[in-house]
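Two complexes are shown next, each including chain A; its partner changes from chain B in the first to chain C in the second.
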Partner chain A sequence: MSERRPYVRPMPRDWWAHRPFRHYTIRELSGVTIAIYAAVLLSGLVALLRGPEAWDAWRGWLASPASLVLHGALLIAMLWHVRTWFQILPKTMPKLILGGTPVPQRTITLVGTSVAVICSSALVAFVLWRPF
Partner chain B sequence: MPHAPEKRSNAPVFWLLFGAGGTLSALFGVGLILVTGFLAPQGIGISADALSYENALAFTQNGLGKAVIWAVISLFFWHAAERFYLTLKDMHVFSDTGRRLLTYGVAAVVTVATAGLLLAIGFNQTM
Partner chain C sequence: MTERADKTIELRVLRYNPEADEKPHHQSFTVPYTSDMSVLQGLQWIKDTVDGSLTYRWSCRMAICGSCGMMINAEPKLACHTLLRDLAPGPVTVEPLNHFPIERDLVVTVDDFVKKIESVTPWLIPKHPKPVSEGPYNQTPAQLAAYENFSACINCMLCYAACPQYGENPKFIGPAAMAILQRYDGDSRDGGSALRIDAVHGEDGVWGCTAVGACSDVCPKAVDPMHAVNQNKMNTALDYFLRFLKKRDAK
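Coming up: the complex of A and B.
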């Protein structure tokens, strides 16, 4: 009687910490910074509910160097998260065929990234040119 | 014999939250951080008065303002929760229930808490 002994490719438990997967792991963890940013906004909402003094304290912290450093880090993480999001997009969506030819992945990434740049720029422009 | 109703998966509801959060952060995340992290608190291109208590309260008491705040905070948490849950799964840390509580559980609590805060702040009576 023969025993079936298929080859099982060894997979170390910490595969996610090594190349080529490390890049993907760091990319995924950059998503956590998006929750940190949302938590900053949530703390502002709590301050707003507590009243003018709590709100001004929160505002004061938001203008502090510590907040600037935090938001600088959040901005870098967000930029990278968005860039990689649109690099992954053509790999996860169904193949897009226009006029009988498949649209290259590069084009989808470029169009997606461009739409993101336009949306974020439009938001900043709206805030800057809105009469307060 | 009548058929028992087909058991439907609740996964698509969560995919909607993840997809909406991912798309919202991808399209507007950078702009939002620039506005709330740099331009408004530093008064760059915006009057320093823009973040006054009165203005913040007026924005938050507006129905549209409430919708924007609720969507941004809760959907950003759902997006981060999905990315973090899958990474924790890859890393084999915690039990699956623990991972779900830490990620989706937190996002669910934040979603409800944000709605509660927005309701507690109330609506503008003059509108």
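Coming up: the complex of A and C.
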């Protein structure tokens, strides 16, 4: 009769920093930048409530180089977040079956991303040209 | 013509003998191989010719029994489904599946995994039971497609070895159990979802998953357990919010 002495290997604490989990970690961190951008917008709303001076100060800060750099970085992170969000969309929704066969996950991602790009572009175009 | 095994590759195998070793250690073997040889065959060569005490699980040699899962160059793989020629020039690290206790050499403890599979009531519970004389339970191709890939699970545990959340919290129900649950929950003939929902709830249920997705990446049968886990997040959320409205059968 042999002795049983199962050996438990410790889980490395920094697993998220290594391959193949880096892609996941960057995806999740890009979500944090969305929260940062939400805080920027919220601070604008607070400035609006405080009155014209606060509002002008906030707009002044938006035009500062630091703010432009921050917004550039946030935009890149946001675009990455959108891309990866739609990549896992087919995994988080019920299986889509059309005409007896499952719709490929790649198609769901492509359609979702396209709709997001079209809607966002339309919004940008609307704001830039202001038809009304 | 039989190919001669004139090439060699180094296999660095993690060894652990519970009767003699305090902790596991690597041992290197130089294995002659032909272009059609798998890592499993490499291990068999070692066992047959160098060290008969080398311990590992295997059975079918054709990626269907799910026995020979191990970490090959730190990736969870079926040893029978991984060719040595693809790993040349080596060295190749061969270790037992991550996140499971090691029994001996490449053999891990499977008790926890088996309990998890049992906990999801992994069999069909007919929605409308009927005697055999009334004929089979028919299903359309669309109804089959709803769960077909989840039925391909071979219980090889590669997804658990890939899942960092299972590594962090061994109580997490994990990918394969949820894929198997979805195989039955998603079956049009089945009416047993209410029995399975408790395995889905909570931090140790589907909410332990953070959508890393490594489980689906390593699955040798394209089961896509990540999809099973994450679509059940919606099911458990609906069950949570609608539980006051639903009339449940007394247990």
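The working rule: the second predicted complex is superposed on the first by the 119 of 132 C-alpha atoms of A that agree within 3 Å, B and C clash if a C-alpha of one lies under 4 Å from a C-alpha of the other, contacts with A are read in each partner's own complex, and residues count from 1 in each chain.
FYI, a contact is a pair of C-beta atoms (placed from the backbone, for glycine too) under 8 Å apart; a residue touches a chain by one contact, two chains touch by 3 or more.
Just so you know, these numbers come straight off a predicted model, no measurement behind them.
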Chain A residues touched by each partner, larger count belonging to chain B or chain C: B
Touched partner set for A:E3, first chain B, second chain C, both or neither: second
Partner chain(s) touched by A:K95 [first = chain B, second = chain C, both, neither]: second
First, second, both or neither for A:V127, with chain B first and chain C second: first
Which superposed partner A:C119 touches (first chain B, second chain C, both, neither): first
Which superposed partner A:W16 touches (first chain B, second chain C, both, neither): both
Touching both chain C and chain B, counted on chain A across the two superposed complexes: 15-16, 28
Contact footprint of chain A on chain B as seen in their complex: 21-22, 25-42, 45-47, 49-51, 53, 55-57, 60, 69, 72-74, 76-77, 79-84, 86-87, 90-92, 106-107, 110, 113-114, 117-118, 120-121
Partner chain B, residues of chain A touching it in the complex: 13-16, 25, 28-29, 31-35, 37-38, 40-42, 44-46, 48-49, 52, 55-56, 59, 62-63, 67-68, 70-71, 74-75, 78-79, 81-82, 85-86, 112, 115-116, 119-124, 127-128, 132
Residues of chain C defined as touching chain A within the complex: 16, 18-19, 23-24, 75, 98-99, 101-103, 109, 140-142, 145-146, 164, 167-168, 186, 210-214, 216-217, 224, 226-227, 230-231, 233-234
Chain A to chain C touching residues, read off their complex: 2-9, 11, 15-16, 20-21, 24, 28, 88, 90-95, 97, 99-102, 105
